[in-house]
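The two complexes that follow have chain A in common; it is paired with chain B in the first and with chain C in the second.
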Partner chain A sequence: MVVAVRPRRLPAILDFYLTVMRTAVQEQFQYRAANYAYMIGMLAEPVIYLVVWSTVANAQGGEVGGYTASQLAAYYIVWTLVRNINIVFTPNGWEWRIREGELSGMLLRPVHPIHYDLAYFAGWKVVVVVMWLPLAVVLTAVFRPDLTVSPVEAIVFSVSLLGAYLIRSMFLWVLGMITFWTTRVAALYELYFTAELLLSGRLVPLSLMPPWAQTLADFLPYRWTFGFPIEALVGDLETSELLFGLGMQAAWTLAGAVLVALVWRRGIRRYSAVGN
Partner chain B sequence: MSLEGPDIVVGGLTKTFVVPEREAGLKAAARSLFHRRHREVRAVDQISFTIEPGEVVGFLGPNGAGKTTTLKMLSGLLFPTIGRVSVLDHVPSKREKDFLSRITLVMGNRNQLQWDLPAVDSFEMNRAIYRIPRPDFERARDELVDLLEIGDLVHKPVRNLSLGERMKAEIAGALLHSPRILFLDEPTIGLDIGMQKRIRSFIAEYNRRNGATVLLTSHYMADVQALCKRVIVIHHGTILFDGQLSALSERFGTHKTIEVTLQDPSVSLDSYGEVISRDADKARISVPRAETSKIAARLLNDLPVVDLTIEDLPIEDVIEQTFAGGS
Partner chain C sequence: MGPLTVRDRDRGPLRSVALAWTFVRIGAMTELQYRVNFFIQIFQTMIMVGTALAVLALVFSHTKELDGWSSAELLVVMGIHVLMGGIIRTLIQPNMIRLIEDVREGKLDYALTKPEDAQLLVSVRDIRIWQFVDVLVGAVILVVAIARHDGEVGAGAATAFAVALLLGAVMIYCFWMILTIGAFWIVRMEFIVELFEGVYQAGRWPVTIYPGWLRASLTFLVPIGFAITVPAQSITGRLNWPTLVGAAVFAIVLFALTRVLWRMGLRRYSGASA
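Up next, the complex of A and B:
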């Protein structure tokens, strides 16, 4: 007897995410060369940090702020993956999106535009990670990182990548939405990115920063998008610290989502009043 | 009147924009740092109309008349300043999912498809966005591809399509979810005459098959004449005319054209009206509408007429006169 099995329909929102991700993969694979050029350009930043701090560590008898040269190598190689994962739709894109009318097209769809951005950039990550792998092999061969990973750390790291992606997406969306009120906000973006550079673990591991900066970082979202995922894999965090970190990521994601909802409601009212 | 009530109801709809303004020059730029001047521009001013299900209505007006602003308010992209809008019993500016799933807005100068991918991939994305069940999606897609004759084109990256081909693909993408209402803003802009015709006949066919309501703006009168029995003429944000296209000439056409064929092509016609053209034995004279029959009788009496016909002015000329009169 043949039993006809009806395929279960995917929940609509999941279907939407998978379809947009697939579209992003198709589109971004067409830009292999551009993506590679971008990624190689991006590598300059962590390699400079790595060379500087390794030199400092070696000059201080092999260690700086609790990191040996090979631990720093591990930090900055993992950094490259985290950086690739937390690239999201930038605030600068908002100006273009509004001026070119792309936002109007998005508003006509029965799906909130943030879902499109989250799905599209998530799909892009698939391409980016595939392209990152050979570069990671080269960096590992050159800088010889010291990296021992437990299963718990690996799991927490994977989840924290999602957290980092969501937090950065939400906060840069909020920042980008300022474009609804004023068209030139580049200076404000620069201020945000400078603070991020210093207080996220992007420039240096946070443990190398002065105590006041570390305290300040505790009250801001930045460290949960850079420092925490890297330290989850590279550092020697206790299980309780790992879980606390994930909890903080969840809290900042929620805070970001609430902010997005509030600013979006007001911003879109203004956009709809003014047009483009 | 339809039993189910109108699809679109607009009452006293007004949209005012506040725009910054300043004089040219460095001094004015410096002054504007401290004191910004603004001016209110009323793009749409107290317009009211209803559109019944299945109607195809032409929305006419010169640039800046308020057509696109009105379409944007009807599709939920702009909040009205004052007035009431109801589309399919929804308030458009709330942009509810049910509302957005039942309308579409096609703007001739905007691109909604993914630029670097074949249109079929964008169609697939629209399937997911509008939650179209796969069998319905495949049926709609195949039907649209067939009707628009774009079978070969939808597999090429959109960036490689010509303007007309892209427009057809845009229209297909915008109709996959079988919208009940189509807002079409200059759908044939920049296209050659052949392509305009094909898109026109597609819209007519779509309306016939699906009973969809269509509100269309176009600068090409041929679009309007081919598709719309009813037109709404808007100028400076107010409605100048709302009625049958055929009645537009009667309402605004101040003149008619008499085409006369003469045995003797040398006779002067200047005393009968304004001679628009003269070609061998045929001449066309523009005469005041009210005096048409009197002048035609005079021509027949005075001259060796072989043939005589009376026509309304071409619709383009009537529209031009309408806007001139409304300024």
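Up next, the complex of A and C:
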């Protein structure tokens, strides 16, 4: 018997990623109006922070926590891109996935389900980033940021977006998988996201936080998904600091991957679904 | 609770109030079945207020006043923001979300066939009593803030505050209603809730800190300035009477506009069974 083997130009997993990403691009491009409305709605948050902290900076002789008003503008405009990159499969989605038996379908695929999420949301990002560009132009015209970027900073920033995406995807995956054990997770999620808001650099650049909070942030993954990419581009980090940041991202990505593997293996044993 | 009827002899505004009260009782009875939600609500409110207080503390660790507002005065703004948010999520938002759904699914027929004013009916038929926790918590914050605030709050200021708050609630209702009426033309409107919640956060700060074009939008386009900043100005001795009169005029205009748009929307509506 002859088994026809499709000539493989790409390793299977890469092929899987590209295919899912392509699907995501096509699918999300259909919903461009909804995507845009959502993205514009998300602008309210950084604009509010920017106005409040610019007011503080101007009242304090032009600077707060090492940021002038126009550097804050740069911080929060880059923020909008990082925030969009940071959107991954929500932990709340796990309840639906488990209750509706969606997970059963994913289990039939010969790859770990996290690859599907990583690929799908990465594809979605292509649409989001293209749509973000005009928003960035408008924000730049309105708030006049002070931003000078060196080639090294630009490269580190691009790599750090990938790191941020991976870390946040995996930690939210772990958080979501708690649903395998209990569905009373609303309070836990709320706490997690509040801690993230305060300690990631999303609310304010971390240099504005009290020293103890900055120390605390050093021991958590949050700042590597939000503050670090922004500071890599906007701040004046030394090359050693930039490399240290990428190293921390790599370490947290690894930690996330290990956690995902461990929790998944235990959690999936508890999963039983009605066939559909 | 007694029988849920609105007596026929009640007419005019009284009848509207009676009708709304009937729905409040139905809503309360429905939600009282889910008491755990009460504790979830308290927890969420605690986190929200805790975060807001932390942000306020952070701002005032770097500065003594924000655009002329002291920390106690900004606490007044925060109290009103939480309180008004509670009113929105108790009374306004649930009705609007339901209206969007009903228009999309053609279920608005049920409301239109009832012998009451349809706009009144769709605006009062759904309430979330547990969200009322936010109204109470907001009121407590407000009282604490007033106690810490230097100036006296006289009877005149208190009256102005009550009037401004009421006008603000009416304007927010009109604004939400106008957005919702969009559902008669646009099918996918779910993002509206997220959009509103995002923009509503701007009201945590006096709108006077925003640059001109944004301040104007937050006053006339999304009436957060009228709903939160103006009541706060009345308590902190910043309000002048023309502003309050302006708020009243704007509320009336907005209400009339809402009524006109609602009628236009209804003409577009074709129902499910058509």
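Throughout what follows, the second predicted complex is superposed on the first by the 263 of 276 C-alpha atoms of A that agree within 3 Å, B and C clash if a C-alpha of one lies under 4 Å from a C-alpha of the other, contacts with A are read in each partner's own complex, and residues count from 1 in each chain.
Everything below uses one rule, namely that a residue touches a chain if its C-beta (ideal position, glycine included) is under 8 Å from a C-beta of that chain, and two chains touch if they have at least 3 such contacts.
All figures in this text were calculated on a predicted structure; none of them were measured in a lab.
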- Item | Three-chain arrangement built on chain A, chain B and chain C clash or fit | fit
- Query: Of the two partner chains, chain B (first) and chain C (second), which one does A:A251 touch, if any: first, second, both, or neither?
  - Reply: neither
- Task: Considering only touches as defined above, state whether A:G65 meets chain B (first), chain C (second), both or neither.
- Result: second
- Item | Angle at chain A between chain B and chain C, C-alpha centres, nearest 10 degrees | 90
- Query: Thinking of the overlay built on chain A, is A:P110 touched by chain B (first), by chain C (second), by both, or by neither?
  - Reply: first
- Which touches a greater number of chain A residues, chain B or chain C? C
- Message: Quick check for you: in the superposed arrangement, does A:L147 touch first (chain B), second (chain C), both or neither?
- Response: neither
- Look at the superposition and give the distance in whole angstrom between the closest pair of CA atoms, one from chain B and one from chain C. 8
- Message: Taking the stated contact definition, name every residue in chain A that is touched by chain B in one complex and by chain C in the other, in rising order.
- Response: none
- Message: List the residues on chain C that touch chain A in their complex, please.
- Response: 40, 43-44, 47, 50-51, 54-55, 58-59, 61-63, 65-67, 188, 191, 194-195, 198-199, 201-202, 204-205, 209-211, 214
- Footprint of chain B on chain A - complex, ascending: 12, 15-16, 18-20, 23, 26-27, 30-31, 101, 104-105, 107-111, 269, 272-275
- Note on the structure: Per the touch rule above, chain B residues touching chain A in the complex are 17, 69, 72, 75-79, 93, 95, 97-98, 100-101, 103-105, 107, 110, 112, 114, 116-117, 121-122, 124-125, 127-131
- Message: Quick check: in the complex, which residue numbers of chain A touch chain C?
- Response: 33-34, 37-38, 40-45, 47-48, 51-52, 55-56, 59-60, 64-65, 186-187, 190-191, 194, 197-198, 203-204, 208-210
